[in-house]
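Structures are listed in the sections that come next.
In what comes next, chain A is part of two complexes: it sits with chain B in the first one and with chain C in the second one.
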Partner chain A sequence: MSSSPPDRRPIGRPVAPLLQAAPLALVLLLFFVFPLLATAVVSLWNYTEYSLVPDVTQRNYVEMFEGCSNLSDGLCTTFRTYLSTLRLCAMVWAFTTLFGFAISYFLAFHVRSDTMRMALFLVCTAPFLTSNVIRMISWLPLLGREGVVNQFLVGTGLVDQPQDWLLFSDFSVVLAFVHLYTLFVTVPVFNSMMRIDRRLLEAAQDAGASGWQTLWHVVIPLTKPGLVIGSIFVIVLVMGDFVTIGVMGGQQIASIGKVIQVQMSYLQFPAAAAQAVVLLGLVLLVIAVMTRLIDIRREL
Partner chain B sequence: MDEDRRPLSFWLLGAFFLLFVVFLYGPTLTILVLSFQGPDGGLTFPLRGVSTHWYELLWRGSGVIDIWSSFRRSLWLGLVVMVLTTVISLLAGYAFRRRFPGQGLLFNLTIASLIVPSIVVSLGIALEFRLLDDGVKAFAEEHGVAWLSEGYTTAMGLFTSALGAHLTWTLPFGLLIMFAVFNRFPNDLEEAARDLGASPWQVFRHVVLPLVAPSLVGVALFGFTLSWDEIARSSQAIGDANTLPLELQGLTSTVTTPEIYALGTVVTGVSVLVIGLAFLGVSIAKRRAAKRVLG
Partner chain C sequence: MDKPIRAGRRQLLQGAAGLAAAGLAAPAVHAQGAVTLRYVGTAVNQHAGIKEKVKEDLGITLEYIPVTSDDVVRRAVTQPNSLDILDAEYWMLKKIIPSGNLMGMDANRIKLVGEISTVFTKGEVAGRKIGDQGTAPIKVSYLPARDGKTFATGQTQWLTLIPTTYNADTLGIRPDRVGRPISSWSELLNPEFKGKASILNIPSIGIMDAAMAVEAMGRHKYADKGNMTRAEIDLTMRVLTEAKRAGQFRAFWKDFNESVNLMASGETVIQSMWSPAVTAVRSRGIPCTYQPLKEGYRAWAAGFGLPKTLSGRKLDASYDFINWFLSGWAGAFLNRQGYYSAVLSTAQKSMEAYEWDFWMMGKPAAQDIKAPDGTVMEKAGSVRDGGSFEDRMGAVACWNAVMDENDYMVRKWNEFIAA
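Presenting the complex of A and B:
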């Protein structure tokens, strides 16, 4: 041990860490790497009603973008689906970021006792460990035609008749997403905020900065890593979603995830695989752009 | 901010925080109340009496829903995922304290497994198993292995493809928790044990394990609850026997009685129970660890 390097990491037999990491590597290889490779390969295969035909064809990609070059007849189905998904993404991102930031700010800078802060933080994050579907179902008695919100609106005379747009609509989908995913922003943003040296805020104040100026020029730049990580989570979760959009949209709203799911149920595996490859490409692009803004590994 | 008078922003953000908590918990409490709807009651207010009618229907399995088989499946799968997540994350987290070849790649793969859309992972696993099935059948026919070509249907199942799908979701969380734990871990205790002549195994067993035990409860909690509620990754990769959340998702469009609220409350109850047990476990483990260290 006399040759220990200055970083004090213990040096043992080099085999031990390899063996310890092996189970994780094996699981990821079997259930993550191989599946992605299988998807890439099958997306190039042909298929009939009954079976997969190993082949190299562009059919699935060509069919996916059929009619997309001709913009005069309106957008093709694929582009419309992507646009509709991206529009949902943008709305959900805006609300979750705003809410997550406000909540983290309150917890990090306004709550004074550490115990209280941890307790309130747990209150905000505990629902993550309960079922998403049930949290969606929970909105049904509130938003339905006879639901609590409509009873209230009609009862107080704010509207003449029950409103239909509350449930199985873009509104209910966005509402459920915000309900489910705000914590994916809250946790990393809170983490970033807790690392901010409080003396910086005092310094800004002493130098004559207003509250808004401190927020804009000190807090937000220092919170950027948390905001980026949270945004990646929310954007990726919404882009690949089919459960929330399905349940809260009454199976009426199009999304990329839904298209993949439907194609799977018709056993059109290569077509679904091609969709998945394109979705994955888009997601990776978003992540690549966003991680340019920060160094993720330093945040852990 | 050190003055005693709270600024206006405190009250505004505090009010917002309060509203958010209502928003977060309100709906769940609503279905908790509505699950005690009287036998004639409907899916929304008003309550027509208070009863445990819907729970009784659920319990007997005589209502619209027979969920006990999927309930058991989810429970077993959750427990297996919990154990595997805890063990694999602990080992991997321990490995990452030292340098080993492929370290960076393995870390990036783990993060990627968290971030790649669930539907893509699920589809990939389904395709992988389909290719495997086709391969096995082709092999059996070519080589005339009768028992294999007749008896074999698919390798897809609860403890193969679905288990793998769940692990791709729980392991990144487990590893990140272990990273957070080992980042704050006192290296000198290990060194002291080594200087006193402890073998690597003894260091692990008598120094490291007792110290990280409370955090392992956290990993186990994530492992179980994330699996218990998982839908997206299992959806394509489970075969015929659904887990409870998948069953529930199907029921959202077909069940029109408060029975679904009773079921929802039971499922949430299991999660809450597990969270409570975890807190209990953490406090016990912490107390024991403190005793050990301080003597």
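Presenting the complex of A and C:
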């Protein structure tokens, strides 16, 4: 941006770019870095029923991992909660990636006209015109014991009695997540696919590659940045969620977000902060591994 | 508002508004100009009807700030300056009073203080002691001094809260699906209702419902269900965890609407419930009973508290508002929704005789019982579940509470959800 002629450039470090970056840096400092540091600091505080006690204590971390070293009577709460959250996260990630990839592939390579492609793409985003709480809650009357799906199944004689696993189960949670978040994978993957030079596909065909070989050796490697970005969206969203898991899981499925929410509501801010710090660490680790596998910046 | 009217649309409008307000205001407040009170509480008592009536009778503007019950505590403890009137539940006091943010209210300034229900002043109904397990209002109603941070053991001049509403909670059932009489809390964990039961996912209340069930099953007799020992918490959570693993619960609910939907859609047939939720299910034409049980009710109570920082006109206005609240109109308004009000004698005067008989005396409705908005809540001839005020409040076993071992209990509850 500093395109001033060489003779006017100040000696030493140019100031203009710093000034240009300053507003964003300030905003990030104030609303991102500072709260994060505050969370980390508070996680070391002590607390009582009605007050926070500034302190440096390991209490919150110790209590979080209480009993975790003893595996004889099953996993401790924290590990079990993380396991439950990670398991959901893995399932949601697998399905959203699969569907997101398939939808993008269809849009990018099968639809011929640009107008049609954009029209269909907009159709994909249409559900986002309603709030995501409504999109989630609208599953309830559909999947319930006396819901539409069960009435249909029983009515057609496919099953003898209403199926309880349709709602308030892992199934319903994953279904709602996939419904909510597939677009977050579709958009970046679609974007990556549209950047693929079509001549590469022709070259692959000319070189005798089958459709699957082209997909595996040409399309997937070139859409990796989109896949990674989409995955980061989904993983971050699912790991921190407590609303969807709560509503669709009938509040019976453990998630880290829910634990944090319960602790906050009982004014146990330091304990919640400690949970948040551990969760943040874990998510950052996952993202670090993913970005290590693929250098997003170079690929973009 | 009483600036001289100058040219310009804005000033004209302001002047007009000022005149309008002055015209409506009651004399005492009129002399000082309009007062706005920031009223923080759960939406339970924050009715537009009350707000309009207060404006009309006192000239005081209530600014409702509806928050969740967790946030009521959080606000009172961390931001007492952000409110003028706190509508809190009695169990919250164990967290709020030690913070020193509430003032003891002067009994001499509450006109009807002597008329407040004996539930609060003596822990009695009709001369009989009622259950006081948990944070019973009688234990936390009084402070030893205006700025006390601990509770007084007997009656004093300084009140923590002036009661607004209270009620006795029990299990809601779907009589059409259950198909037999239910008379004990133990039915909540009865395998007969496997996959069709639910409790609240609010740890401090959920564990008390569970304790009622555990005690009814004869597995343990608690000294105080509202203040368990660690061993008792462990035991209760173990029973709950067994039930959860066996698939007893269809879901847990966290808010009012969830509980209504679970029951109305047939996902559950027996669950802990709040009284208006039962009414909501019934108003959809679905049978639902707020089932009285032989072990008694789990009760709760709410009231107005004033932050210590309140002074001058706002303090006077707050006392005016509270005195007005006890004077009958508001009490009748709340009684008609199935809650109980603090001063029953004045509420009775503001209610029709047939309404009083239905809501308070447990008699069959002489004519259709209508909600404040005019919709029919109960048809003529129906009887209130659980009967009269004396029958219901007299059978209270325990009160919503905060335990001394609250931290431990919350951790155990998280463990239970993860199990």
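Simple rule for what comes next: the second predicted complex is superposed on the first by the 266 of 300 C-alpha atoms of A that agree within 3 Å, B and C clash if a C-alpha of one lies under 4 Å from a C-alpha of the other, contacts with A are read in each partner's own complex, and residues count from 1 in each chain.
Please note the rule applied: a residue touches a chain if its C-beta (ideal position, glycine included) is under 8 Å from a C-beta of that chain, and two chains touch if they have at least 3 such contacts.
Computed from a predicted structure; not experimentally measured.
In the superposed model, A:Leu140 lies in contact with both chain B and chain C. In the superposition on chain A, A:Thr81 makes contact with chain C only, while chain B stays out of contact range.
Counting residues of chain A touched by each partner, chain B versus chain C, the larger count belongs to B.
Contacts of A:Val154 after superposition on the shared chain: neither chain B nor chain C is touched. In the superposed model, A:Ile196 makes contact with neither chain B nor chain C.
In the superposition on chain A, contact of A:Ala209 is made with neither chain B nor chain C. In the overlay built on the shared chain, the residue A:Gln251 is in contact with chain B and with chain C.
Of the two partner chains placed around the shared chain by superposition, neither chain B nor chain C is touched by A:Met290. On chain A, the surface patch touched by chain B in one complex and by chain C in the other comprises residues 140-141, 144, 146-147, 246-247, 251, 264. Taken together, the chain B residues at the contact with chain A in this complex read 1, 6-7, 9-10, 13-14, 16-17, 20-21, 23-28, 30-31, 34, 42-45, 87-89, 91-92, 94-103, 106-107, 109-113, 115-121, 123-128, 130-131, 134, 164-165, 167-168, 171, 175-176, 179-180, 183, 187, 190-191, 194, 200, 221-222, 225-226, 228-229, 231-232, 235-236, 245, 248-249, 252-253, 260-261, 264, 267-268, 271-272, 274-275. Put simply, chain A touches chain C in their complex at residues 49-51, 63, 66, 77, 80-81, 84, 140-141, 144-147, 164, 167-168, 246-247, 250-254, 258-259, 262-268.
Taken in their complex, chain A has these residues touching chain B: 1, 8-14, 16-21, 23-25, 27-28, 30-36, 38-39, 42, 52, 99, 102-103, 105-107, 109-110, 120, 123-124, 126-127, 129-142, 144, 146-148, 151, 179, 182, 201, 211, 232-233, 236-237, 239-243, 246-247, 251, 257, 260-261, 264, 269, 272-273, 276, 279-280, 283, 287, 296-297, 300. Listing the residues of chain C that touch chain A in their complex gives 68, 70, 73-74, 77, 94-96, 98-99, 195, 201, 203, 244, 249-254, 258, 261, 265-267, 402, 406-407, 410-411, 413-415, 417-419.
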